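Structures follow.
Okay, so chain A shows up in both of these, paired with chain B first and chain C after.
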Partner chain A sequence: MSAAPPGESANRLRGDLMAYASLSLISIFCAIPFFWLLVGSLDGNAQLFLRWPETWTFANYLRVFAKEDGAKWLFNSLFVVGSATFLVMVLSGLGGYALSRTRAWWKLPFLYAILLIRVLPSTALIVPLYKFLLTLNNAEGALLRPIFGSTTRDIMRWTGFIDGYLGLILVLATMQLPLSLWIMKTFFDGLPRDYEEAALMDGATMLQRIRRVLIPLALPGLAASGLFAFMAAWGDFLLPLILLSSPELQTLPIGLFRAFLRINEIDYGLLTALAFIYLVPAVVAFGFARRFLVQTFSGGVKG
Partner chain B sequence: MAKTLQERRAERQLMIVLLPSLLLLFAFVIYPAIYSVYLSFTNEALTGAAARAPRFVGLRNYTRLFNDAKFWNALFVTFIFVLGSAIIGQFVLGLVSAIALRRRLVFRTLFSSIILLPNAAPEVVAGFMWISMLAGGDHATLSRIVSFFGLPTADWLQVFPLSMIIVVNTWRGIATAMILLTAGLSTIPQEIYEAARMDGATPAQMFRRITVPLMMPTILLYMLISTVSTIAVFGLVYALTRGGPGGATELISIYIYNQSFTAYQLGYGAAVAVIALLVSLVLGIAYVRAAKVEI
Partner chain C sequence: MIHLNNVRKFYGALEVIKGIDVTVEDGEFAVFVGPSGCGKSTLLRMIAGLEGIDGGDLVLNGTRINDVPPDKRGISMVFQSYALYPHMTVAENIGFSLSLKKVAPAEIRRQVGEVADILQLGELLDRRPGALSGGQRQRVAIGRAIIKKPSLILFDEPLSNLDSALRVQMRAELQRLHRELSATVVYVTHDQVEAMTMADKIVVLNQGTVAQVGPPMELYHRPDNEFVATFIGSPKMNILPVAMTRDGADSIRLAGPLGMTFALADASLPEGAARMGVRPEHFKVVAADAAHFVAEVAIVERLGVETYLTVGSIEQPIVVRVEGDVTFRPGDRVPFAADTAACHIFSTDGRILRSANVA
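Our next item is the complex of A and B:
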C-alpha cells in the first residue's frame, strides 16, 4: 500500500475528532438520568433532584426489604416473569422446530400471521383481553367454589386469570411468543437435518429426538429466545397494572409506580433503591442479549 | 408424489408440538382483536347498567369518536410523538452514532454500551429517572444544566410537555435505530467509498450520494418498525405524565386506557382501540412487504 497523501490523514483525524465529540454528547445524554438512581439510592436523605449525598449509606436498600414489601414484589416479579420465560422457551423451542421443518400448507400463512401479530399494540388489545380473562376467571370461580368453598380465593390466587399468577404468566408468555417463535424457526433453519434423520433412521421416537438431539443443538437459540422474553416481560408495565389488584400479588413495576403516587410522603431513598433493584436484572439480561439484538428485527435485515 | 405414511405421521407430530403456541396466540391475541371489533359496536361498560346488559349500539361509538375533540387530540399527539421521537430524534442520533462507531475509536465499546443502556431500563424506571430530570423547577437536573449555560429554566413538564416526552422517547430508542442502521451500513461495500475517494469526493458528497441511497431500504424498514413500536408506547409516558397536563401528552394508548379503565367506557375504548389496531396493521403489512421477508 502506498503512503496516504498528506490531506488524507488530516481528514481522518478531523473525522475521528468529530466522532468522539458527537459520541460523547450522545453518551452524556444517555447516561445522565441514571446518576440520580445510583446516587439517590445511596443517599441517607435522598430527594427528587440529583444532589451529592452528605452521608453514604446502604440503609435504603435494607429498608426496601424491611419496611416495604420489596421482597414480596421482587419474588412476584421473579416468579411471574421466570415462569413466563420458561414457558416461552418450551413453546418456542417446540413451535419453532415445527415451523422450520414442516412442509404443510399452513406454514406460510402462520409465519405471516405471527409477523403481523407482533405489530399489534398491546394497549389496543387490553380491553377485550381483560373482558375475556374476566369471563374465564368467573367460570373458573364458579367451577371451584362448590368444591373448595372458602379456600377458593387462595387457590385462585395461583390459578386465577384476573388477579392470579396464572393469567398474568400466560398472557405475558403469549405476548413474547411471536418473536421467540421467529427466533427459533430461523435458528432451526440453520441446523442441518442430518442429525435428526440419522436419529430417525435409528428408530428414535419424536420425544427421544427432541431430548437427545434437538435440545442440545438448540441451546444457543433457546438462550436468545429466553433472554428476549425475559427482558420484555420484566419491563412490562401495562399487563400487571390491569391484571393484578391484590397487594400481595404486586410485581416490582406496580409496587414502584404506587410508591411514587404517594405524593406527600415519597421516600426517595427507598424509591431509587427499589428502582435500582428492578433495573439490574434488565441491564444484565440486556448485556447478554447484545449480540443477538440485530436478529430480532426479523426478516429483511440480516444479522 | 404421494406422501409416505411416515412423512404424514411426522407432519402430524409437528402440528401437535406447534398446537400449544397456536392456542395461546389465538386465545390471547387473535380472539381479543376480533372481540374488540364486536365490543366497539356495543355500549359495554365496566360498571353500571351497561355492564350487566350491554346493548348493540351500531356505529354510535364511531360517530361519537369522530366528533370527540379528545380523540383527535390523542391522534395528533401520537402523530407528533412518532414524528418527533421515532422518525426524527432516534433516527438522527442513531445514524450519527452508527456512523461514528464505524471508526476505530478508543472507547468504542464503552460508547456503544452507554448508548444501549436507556433501552435496557424498564419503562417505569425510565419514567421516574426523567421525572427527576425534568420536575422540581430550578432543582431539576435539566434546569441546572441550562442555567449553567446561562439559559432560562422552566417547569419542563408543565410548559413543554409534548416536547419533553419526545426527548425522553428519543433517549430511550437511540439504541434501536443505531443497531438497525449499523447493520444496514455494514452491507455497503467499502470499495465504493474507496473509488469515490479516488475521484476526489468529499465526505459530505459521499454521504449524500452513496450512504443515503444505498441505505434507503434499511431506513424505510427502520421507519416502519419504529413507527409501529412508538404507537404502542404506554408505560414510559404514563409513568411520566399520565397523559397530562390537560391531555397535552395523551397518546392514543393512554387515551384508550383512560377511557376504558378510568371512565369505564369499554365499548368506546374498544372503538378507539380498533382504530389503533387498523393503523398498526396497515403499517405492519407495509413492513412485511417492504422487508421482503424470506420465510
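Our next item is the complex of A and C:
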C-alpha cells in the first residue's frame, strides 16, 4: 500500500478527531444518568441534583435489603420475569419451528394476527384483561376453597390470576410471545432442513433430534428471543401495578414506585440504590445474550 | 445392488417422477444427471426415505424397502450443505450415528479413528466444522456417511458449494474414495462434467423420466434422443434443421442452413424434414473446394490447446472446435466440412434416426 499524501492524511486525522470527539460527547450524554445513579446510591446524603458525595457509604444498599423488603421485591421480579421468559423461550422455540416448517394456508394470516397483540398498547386492554383474569381468579378460588379451606390464599399467591404470580407470568409471556415467535420462525427459516434430515438418516428419534440437534442449533435464536422477552417484561410497570396488590408480591419497579410516593420525604439515596439494583439484571442478561444476538441477526448458523 | 422398478411420485395431482426403472450394481458409481426440475433430487430423497414413494418398488439387495424408515435402510447420504452440526467436533459429527445407537464411547472412538484414517482427517478430529475448509467439510460429511457401513451412499450435489478449482480436486478425491471403499454410490448433479468424469453409469433424467442410461462414452457417442445429445458434452452438440431427399438406394442428400449440403450413405432414412446433430469437434476447416458450407466467423474463443469458433447467423449459430491456436478473426469467411460419419440424425420430435458411426 502506498502512503497517502500528507494533506490527505492530515484531513483524515482531523476527521477522525471530530468523529471521536462527537462520539465521546454522545457516550457521556448517555452514560451520565447511570453514573448519577451509581454516585447517588453511594452518597450518604443524596440530593435531587447530581453532586459529588461528601461521604461514601453502602448504607443505602443496606437499607434496601435490611429495612425495606428489597430482597423480596428482587426475588418477585426475578421469579416472575424469569418464569415468563422461560415460558416464552419454550413456546417460541416449539411454535417458531412449527411455523417455519408448516405449509398451512393460515401461516401468514396467523403470523400477522399475533403481531397485533404486540402492536396494541397493553394500557388500552387493561380493563378487559383485568375483568377476564378476575373471572378466572374467582373461578379458581371457588374451586380451591372447598378443598384447601384456609390455606387457599397461600396457594393462590402462586397460582392466582389476580394478585398471584401465575396471572402476571402468563400475561407477561403473552405480551412477549408474538415478537419471540417471529424471531424464532425467522431463525428456523434460515436453518437448513438438511440438519434434521441428516439426523433422521442417522437414526435419531424425534426427541433426540430436538435435544441433540435442534436445541443446540437454535440456541442463538432462543437467546435472542429470550433476551427481548426478558428486557421487555423486566421493564414492564403497568401490569404488575394493576395485577398485584399484596405487598409481599410486589416487584422491584412497584417497590421503587411506592418508595417514591411515600409522604414525608423523598429518600433519594434509597431510590437510586433501588434503581441501580433494578438495572443490574438487565445488563447481566444482555451480557449473556450478546454473543448470540450477533449470530441471530447477522444471518443463521455457520457450519 | 439397488433396483428401482417403475417408481412414481406425485405432488398432489402433479406427477413429478413418472415411472423410473434403474438398476445400480454393487460397487458401481451411478450419476443421476439432468437440468433443474427434472426430479433427480426428489428421486434421491425417495431412495433415502426422506420422501414417500407413490408407486413402484424400491429394492435394495433383494429386499423391498419402500416402507422401511430411512435409518433402517442401510443407506447413507451426503447432503448438499453437508449438514455438519456446528456445535459438535469433527469426531462427534462422524460418530453421531453410533452415539445415537448407544455404542460404547471407546468403540465409537476406535471406529471414528478408522474412518478418519481413510479420509485423512486425523488431525482435525477435535475441530469444529466452522474451522474447516470446504474440502475438509466434504470429507467429514463422507466420514459421517461411511461410518455406518452402508450398502449404498447417496450424494446430493455435494460439489455445488465449492469453487471450481476445489471442485476438480474433489472429483478426483471422490473417485479415489470410491475405488478404495468399493462402495455403491448414487450421485446427483446438474453438472454433466461431473457426470462424465466420475460415473460408471449415467442416468440422464428429463421431466421425471429416464432419457437414457449408460456409460459416459456411450451417452456421448450414441445418444438415444436429442435431449441427451445436447445435454451431454460441452460445448453442446450443434443441432441443425435439415431437409433429406433420397438420391439413390443407398444414399440420401441432406440440405441444411448456410447452403450446407452433402450426401450420407444410408438406405433406411426417410425423406423429409429432420434434425442433424454434429458435435463441435466433427466440423473441420477445409480447402474451399472440399467445403460443405462457407460461414462467417462471429466469435473466436481461444483456450490455447483448442479454439472454439462460433459461425453463422445469430438465429442458427454453429460452434466449431479447431485444434490449437488459430489465426481466424471475427468477420473472416471460412470453408467448413462436417465429418459425415459422425452426424446424428434425429426426427423432428427428437428421436434418434441414425447414430454417429464412431468408436
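Just so we're on the same page, the second predicted complex is superposed on the first by the 240 of 303 C-alpha atoms of A that agree within 3 Å, B and C clash if a C-alpha of one lies under 4 Å from a C-alpha of the other, contacts with A are read in each partner's own complex, and residues count from 1 in each chain.
Following the convention adopted for this analysis, a contact is a pair of C-beta atoms (placed from the backbone, for glycine too) under 8 Å apart; a residue touches a chain by one contact, two chains touch by 3 or more.
Predicted model only: the values in this text are computed from it and were never measured.
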Classify the contacts of A:23 with the two partner chains as first (chain B alone), second (chain C alone), both, or neither.
first
I'd like to know which partner A:86 touches here: chain B for first, chain C for second, both or neither.
neither
Of the two partner chains, chain B (first) and chain C (second), which one does A:195 touch, if any: first, second, both, or neither?
second
Chain touching more of chain A, residue-wise (chain B, chain C):
B
A:65 contacts which: chain B (first), chain C (second), both, neither?
neither
Contacts of chain A common to chain B and chain C in the A-superposed view 301-303
Under the stated contact criterion, what part of chain A meets chain B in this complex?
11, 15-16, 18-20, 22-24, 26-27, 29-34, 36-37, 40, 47-50, 91-92, 94-95, 97-99, 101-104, 107-108, 110-112, 114-132, 170-171, 173-175, 177-178, 181, 206, 231, 234-238, 242, 253, 256-257, 260, 271, 275, 278-279, 282-283, 285-287, 290, 293-294, 297-303
Which positions of chain A touch chain C when the two form their complex?
192, 194-195, 197-204, 208, 212-213, 216-217, 219, 301-303
Sort out for me which residues of chain C touch chain A in the complex.
48-50, 70-72, 75-77, 79-87, 96-97, 100-101, 129-130, 137, 144, 148
Residue numbers on chain B that touch chain A, as the complex places them
11, 13-15, 17-18, 20-22, 24-25, 27-33, 35-36, 39, 44, 93, 96-97, 99-101, 103, 105, 107, 110-111, 114-126, 128-133, 135-136, 139-141, 144, 171, 174, 179-180, 182-184, 187, 203, 217-218, 221, 225, 228, 231-232, 234-235, 238-239, 252-254, 256-257, 260-261, 266, 269-270, 273-274, 276-277, 280-281, 283-285, 287-288, 290-295
